[in-house]
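The block underneath contains the structure these notes are about, expressed in structure tokens.
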Amino acid sequence: MLKKIIGVMGPGSSASKTDLKNAYEIGAFCAKKGWVTLTGGRNKGVMNEALKGAKENNGLTIGVLPTDEKELFSDFLDIPIITNMSSGRNYINVLSSDIVIVCGIDSGTSSEISLAIKPGKKIILIGLYEEANTFYKKLAPEQILCVKNSKEAIDFLEKENDILRTLK
Amino acid sequence: MLKKIIGVMGPGSSASKTDLKNAYEIGAFCAKKGWVTLTGGRNKGVMNEALKGAKENNGLTIGVLPTDEKELFSDFLDIPIITNMSSGRNYINVLSSDIVIVCGIDSGTSSEISLAIKPGKKIILIGLYEEANTFYKKLAPEQILCVKNSKEAIDFLEKENDILRTLK
Amino acid sequence: MLKKIIGVMGPGSSASKTDLKNAYEIGAFCAKKGWVTLTGGRNKGVMNEALKGAKENNGLTIGVLPTDEKELFSDFLDIPIITNMSSGRNYINVLSSDIVIVCGIDSGTSSEISLAIKPGKKIILIGLYEEANTFYKKLAPEQILCVKNSKEAIDFLEKENDILRTLK
Amino acid sequence: MLKKIIGVMGPGSSASKTDLKNAYEIGAFCAKKGWVTLTGGRNKGVMNEALKGAKENNGLTIGVLPTDEKELFSDFLDIPIITNMSSGRNYINVLSSDIVIVCGIDSGTSSEISLAIKPGKKIILIGLYEEANTFYKKLAPEQILCVKNSKEAIDFLEKENDILRTLK
């Protein structure tokens, strides 16, 4: 049986404290639901915090890594998928996610949002600045949901569980 | 000697007439300068028009193609680079371009803009709607230049030729 | 904690009955050891049988898939990693495996053996024809182990467990 | 009009003098025929010599590069296609070639031969050791041609020009 895989995307070194808190809480929530948390797998920023939140709640964690350099791997990783594709792996991140949750934004994250649109993924943007929300809502109004914090995202995931099931 | 390669990116089927005209003119300009025009290589939208503009002015043209289906190739293509990577090839498009010129926007194009930022590419956005300009200027203020039409982009390319040379 | 990931590679439609039996037994063994079984994820040949062997013994299974076409997915898959890269995903298969076990050979499998060599993977060839064993032993004598059947491969995996641990 | 693209593959640092000579002569021949020479683009081994042979005879040269590190680029390169995909780019090398000419063998080259088989490419192996010829002839008898030196490969390319035209 295919497990449900939730992709959590967001900045590495430029993540804000709020981004990190949101990522941790989404990871923790996924673990409690029995869902898999998937990120870019590195030991920094949103990637690391989402995996940490999942791992500290006994969830299963996957990282789709840009390189095979072990010292860059998150400590909260169960399954490293190694691509040696640098940012090319961003497309695999979103293709492999049933839904994409975004905590903060930088250029890598923005590529992930964009690449998730054509394959029809639902994308939840948490706490992004207004210009980003406006841009992405205009680009893909039916796929983008903008929320203020991880609680709102979790409420959506809870309520929309049935819809979510059909998204895969 | 490495040739100068100008990447021209933009929507496929959703390109506007203005996007197509801009793309054609950029391709034509590149050909006259002796530069190579590189696009996503398909026979539609901005990809096709930029190659057409280049080819009708005796330029050299490259397409980095998502699949090996010949019937999708532009007729104005000299060199097909075949990836079988679907949208994963968008990263190769921008990595292989000395500068990225964007004519209009859809989700694929927006992934190319985003993926061009981390490798430090200069990106010229031609005639995008305000929300896109605002978003990308905020995301990468030193790399994004917003202009109204192909003439302004060409003026920039002419004037900034020396800077451009150092960008590779 | 990184889980141990065993890659099982081999032909799709051209797999022999013996190849399929070997694949099933390797998958079953990995599951019993608590290791993850990783294959190319499709619903045919060695890919499918290794996942089946693992799943029927309560193992965790990963497929690194060439496309997002659900009807091609193995029924014994827990975690689909979707690449849309066609055979380009063969490199990710072997990079993500701590050790590569090969059950039979076709052109795709032979690319996986070759791609596993430079990253230093240990590769066990089970029941390949003489010409293949000879070629690969000559190409990478220190990484290739040729055995006759899955039992010999399993004996190696049992005995070399400590060495295997250091391979990651 | 699509140009004819000849892929020349072979070892980097482990190339023999004969491999290098063969590669140079194939590149030179392609240039004289007006064909494009495509290699892995680095400044060593067969990749570099084939580009050198082409360039010194006024041919057009393409390199599909594993990384964007300029200091690794061949000096005989017109068009760098940058992938940041490490050995993952081997698949693009062969997909983009109308025919694949192999001068010597190492693990990277053997992955290219294998990856060229499924897309139906014709592959000429020049001067490989017996075990490699035997293995690949068995793997894909209708696609593999084994010859002793570049002269035999060139004779084939001359005579089979019409067949070659249909291979694209």
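Observations on the model:
Letters A, B, C and D mark the chains as written, and numbering starts fresh at 1 in each.
Keep in mind that, in the parts below, a residue touches a chain if its C-beta (ideal position, glycine included) is under 8 Å from a C-beta of that chain, and two chains touch if they have at least 3 such contacts.
Predicted model, so just to flag it, every value in this text is computed and none were measured.
On a Cα centroid basis, the chain most remote from chain D in this structure is A.
Averaged C-alpha coordinates give centres for chain A and chain D that are 41 Å from one another. The mean-CA centres of chain C and chain D are about 29 angstrom from one another, to the nearest whole unit. Counting only residues that touch two or more partner chains, chain C has 83-84, 86-88, 91-92.
Taken as a graph of touching chains, this assembly is fully connected, with contact between every pair of chains.
On chain B, the positions that touch chain D within their shared complex are 1-3, 5, 36, 62, 64, 68, 73, 77-84, 91-92, 95-96, 119.
Chain contact summary for the complex, chain B toward chain A: residues 86-88, 90-92, 105-108, 110-111, 114-115, 117-118, 129, 131-132, 134-135, 138-140.
Contact residues of chain B toward chain C in the complex are 83-88.
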